[in-house]
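Here it is: the structure, laid out below.
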Amino acid sequence: MNTFTLGLIAVFILILAVCVLWDIRKSGEFKFKWSHSLAGYLFMAPALVLIVLFVIQPIVLSLWYGFTDYYLLEPNNIHYIGLNNFSSLTKDLSGQGDFYHALKNTLYFMLFCVPLQIAVALGLALLVNKPRKGGGFFKVAFFSPVVMSLAVTSFLWLYMLRPDEKGLINGLLVKMGIPVQGFFTDPDQAMNLIILLSAWQGAGMQMIIFLAGLKNISRDLYEAAQLDGANRWKSFLNITMPGLKPITLFILITTFIAASRLMIQPMILTGYKEFTVTLSYLIYNEGYVFKMVGYASAIALLVTVLIGSMTLVQRYVLREVD
Amino acid sequence: MKGMTVNNKGFRLLFIYLFMSVLAVLFLFPTVWMLAASTKPDVLIYSETGKLSSFIPNITDGSVFLRNYAILLTDYKIWRFMLNSSFYSAFIVVGNIIVSSMAGYALAKFHFPGKTFLLGLIVFLIVVPIETTIIPLYTIVHRLGLTGTIFAVLIPPLVSVFNIFLFRQSFVSVPRELEEAAIMDGASKLQVYYHIILATSKPIIATIATLNFIGVWNDYIWPIMVLPAPSGNGDWPLYPIQAALNTLAQQPMIETGQIMAALTLATIPLIVVYALAQKYIVEGFSTAGIK
Amino acid sequence: MNKGWIGLVLVSMVLMLVACSGEASENSEGSQESDGPVKLSMWVHVSEDTLEGKAYKTRAKAFNDANVGKIEIEVQYIARGGGGTGYEDKVNAALTTSSLPDVLTLDGPNTGAYAKSGILLDLSDRLPEESKNDFLNTALQQGTYEGKLYSLAIQESTVAVFYNKDMFVQAGLCKSVESCDQDLGITVEDPWTQDEFKQIATTLKNKFNKPAIDLHLGSQDEWVTFGLAPFIWTNGGELISEDGIEVQGYFNSENTAKGFAFIQSMINEGLSAAVPEDNAFEVGIYPMSLSSAWTIPLMKYSYVDTVPHWGVLPYPVGESGKLHVPTGSWAFGVSESTKHPEEAAKIAEWMTNKESTIMVTNATGLLPAKASAYAEVSKYKEGPDKLFMDQLIAGGHPRPNVFAYPELTFSFQQAIDRIVNGKDVGETLDQLTKQLEVKLERHKR
């Protein structure tokens, strides 16, 4: 084990110790019981070991790279360059360069895809939640895009949405007297289509989490409401919605984070275009295609700060739900 | 009056089924196309592109119906990669569920100093984008001497901050009375964890296991990076199915139909696991019978 | 209860042990066993069951048989997946841990970046003169960075215009399918100009009411640079300065703009399509296609029914009046970190010698990079293969061998994408030149 790993473990233990002491000092009359605390630590132990080694360690390295000129081909020739990467990112931002477009597209995608996908997922979950004949089939059907290879779905969508009259949809449009649409090649349509397709492909995932949430709402509550003469809509508002609140917060945050990482869809459906490039795609391009790991890590660091603070705001705003 | 409600109900039901069927078509068409294409020779696939018949399996010509699958299983011995994937996924999912649920339990039900920090840390780690961490992760795993062995594939994914958080959120709502009752009966913390927490959380376990399984099964970039490529000297290969698929698609002699057959084989386990888990989520709830 | 706790503690300890046991097993690749042969590792970018993979396997085995007891190569076949995943990921990962194999394959244009970063061993003095001189000039150029030879070409590759003879006859461009080549009279020695090319294309477009040529503009990969950069060069344009540092005045020079403008005019006049139909030439919809030698076996065997009579014409010539065609394919290099440079160089040489070249080009359908192999194989004496080979020798122009090639080809692809979608050429090039300058700046360290 090298010095970096040992140092990291030492720092981690130190921070943990400080937090522990702080909590103990602050605890006042609500004292910690030692045997109870110890049990808690032991339950955490395996996860903590793995997290420090395989999650925190690479992240710390990557954050550090953000302040260096790490070029992938020269791993033994890394220099600390201070805030250079960040100042060139601000320049990029004001000059409306790649980072500007990536940031704009990602925020646009998150703003529209997250609510859409959650709404679709909730709709699907409510549709299949009620035990019906053949319900299992529909559950599998709505979930199937999640497990389908992106290569297959993209091939089919690209074929259906070809930007000339050979395309299935354009063929129909032309027959109806509507001019041929550019779809993925049209700067105004491409991102919206990616939003629709991502929601279509991903909603099944949130659907099953919603389903798990719906199962946790006691049937008795509905029966009681029915006895009180509440209609479907009323029970939905008064029982289902509040019952789903905790899981919705979770789904919101995870969908939000997943949306901030959009990469594969624009990569396959449009390739690198100013009107569809996203932050993750940009990071990939700078880090792996151009091999500028330092610069890519700086972008990742900024994205982390940005998405992290947005997530915290969401948590704060929706706190009463948790 | 009564007849009308029945009628109304019937219409409602009909409408709902019609609506769901339209949706099902929208969601299922790539899967159906993949299944259909996997039974066809390439000439047929390309001549049918854009036609309705491209979604119908090639039932007229029985001699070629399963030919693509036969080639995959005999020439490419694809079942070996499927077995690898099954082993990796089973190991990782079981291990991950144990490790993550224990941590989730600690964060949900224990009052210990430093907990706020650890919980905050977990949430922070969920947010960090992972694109740039794969290279440092490789360096670390290499330094541990794991690259080139299956441990490089098996050990790092044993933990998932995402799953820890999900478990924690779910365990928080397990009623304290249940735990206390068990402790009164002389149960240890570990017994509470196993008999109360896990037993009452089967739906969430099934859900997380499914999501985790999909993620592990579909990953190919990491396995290709850390595992030796199939060497062809007759040794059992180490690649999982998705890594092998990535290789397969590059073969110049491979037909689209064969790739679709391979994709079908790689997708079936995902659908099966999901369908089984769905069933379990319902059963799990009815047996748990709480909340 | 205690048992459970012990189990937990044990699990944690095992994890810790696994974590701490590192560094014990350092990379053993390329190590020498006390008495046996020197063992070297080699990575190739294709999977083993491909024809190309089998060719490498056969040649590696022949090498081992010829060097029994002395040197032994062990080959790993790491296929490239979509978008450069797989092989390149693996090489990048190995780079960060200095665990590259002794010998590896690399795409020709990567030579510059790899050489600059000191990854590749300088092979200039490790190769017998006659073996070095046997390489075609274009192959040597592609493998050379700052005067030193770093990579040995496995094969060569270039691009020409495939045409459908039946459609040419129908459009009145030639009398019969048998005499079509002579009727057109377009040869490598006396190629067609851009204007003649456009004239013929216009006739074809008017006749069939379809774009005349498939330039494969839908693909968003290296093809765009490989296939279309000659339009820039043949108009006297450049993409980047020789030293790979300057783009201002190169990427956006007047002559460069002429090449891009010509490509744009092809789209504007309906002679080619920004999104061509799939396999438009192969199934007989478009009369021409700009493509590489790998199309030859496809036309011969897979599309006999749809296009029974086809031929190959050279690349059109622009204002410079000189034929320019792309070159370059994959190559073998030796890792700088190898413990056995002598033996590794020997392997790289062996894998690119005459016998290997013949075997590999047979498998891939591409062109030999060695003069001796070219002289020995009869198919290069006539027909489409001959035209490809003649073009390569007469007008081969390797892609710029610069360290920032990934950035350069990315910008080129962006430029093509924008101008075929109607953006102003001058503006686009100025914009991209500026962006490219910022990217090059990051290499200064």
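Side notes on the structure shown:
Note that the chains are named A, B and C in the order they appear, and that numbering of residues resets to 1 at the start of each chain.
What we mean here is this: a contact is a pair of C-beta atoms (placed from the backbone, for glycine too) under 8 Å apart; a residue touches a chain by one contact, two chains touch by 3 or more.
What you are looking at is a predicted structure, and each value in this text was computed from that prediction instead of being measured.
Removing chain C from consideration leaves the other chains joined as one piece by touching. For the criterion of most C-beta pairs in contact, the winning chain pair is A-B.
Distance from chain A peaks, on a Cα-centroid basis, for C. Averaged C-alpha coordinates put the centre of chain A at 17 Å from the centre of chain B. One simple way to say how far apart two chains are is to compare their mean CA positions; for chain B and chain C this gives 38 Å.
Shared interface positions of chain C, i.e. residues touching 2 or more other chains, are given as 5, 8, 15, 19, 22-23, 82, 89, 92, 96-97. Across the assembly, chain B contributes residues 49, 102, 135, 139, 143, 155, 249 that each touch 2 or more other chains. Multi-chain contact residues of chain A (touching two or more other chains) are listed as 1-2, 43, 46, 50, 53, 72, 151, 166.
Those residues of chain A that touch chain C in the shared complex are 1-2, 42-43, 45-46, 49-50, 53, 69, 71-77, 79, 88, 92, 97-98, 151, 162-164, 166, 185, 267, 271-273, 285, 288-292, 295. Residues of chain A that touch chain B in their complex: 1-2, 5, 15-16, 19-24, 27, 30, 32-33, 36-41, 43-44, 46-48, 50-51, 53-59, 61-62, 65, 72, 124, 127-128, 132, 134, 136-149, 151-153, 156, 159, 166, 168, 200, 204-205, 208-209, 211-212, 215-218, 246-247, 250, 253-254, 257, 260-261, 263, 279-280, 283-284, 287, 293, 296-297, 300, 303-304, 307-308, 311, 315. Only residues 5, 8-9, 11-12, 15-16, 19-20, 22-23, 82-84, 89, 92, 95-98, 113-114, 116-119, 220, 273-275, 277, 406-407, 410, 414, 417, 421, 435, 438-439, 442-443, 445 of chain C touch chain A when the two sit together in their complex.
Considering their complex, residues 16-17, 19-20, 23-24, 26-31, 33-34, 49-50, 98-100, 102-103, 105-107, 110-118, 123-137, 139-141, 143, 155-156, 158-159, 161-162, 164-166, 169, 173, 189, 193, 203-204, 206-207, 210-211, 214, 218, 249, 260, 263, 266-267, 270-271, 274-275, 278-279, 281-282, 285, 291 of chain B touch chain A. By the touch criterion stated above, chain C contacts chain B in their complex at residues 1, 4-5, 8, 15, 18-19, 21-26, 46-52, 57, 76-82, 85-86, 89-90, 92-93, 96-97, 99, 278-279.
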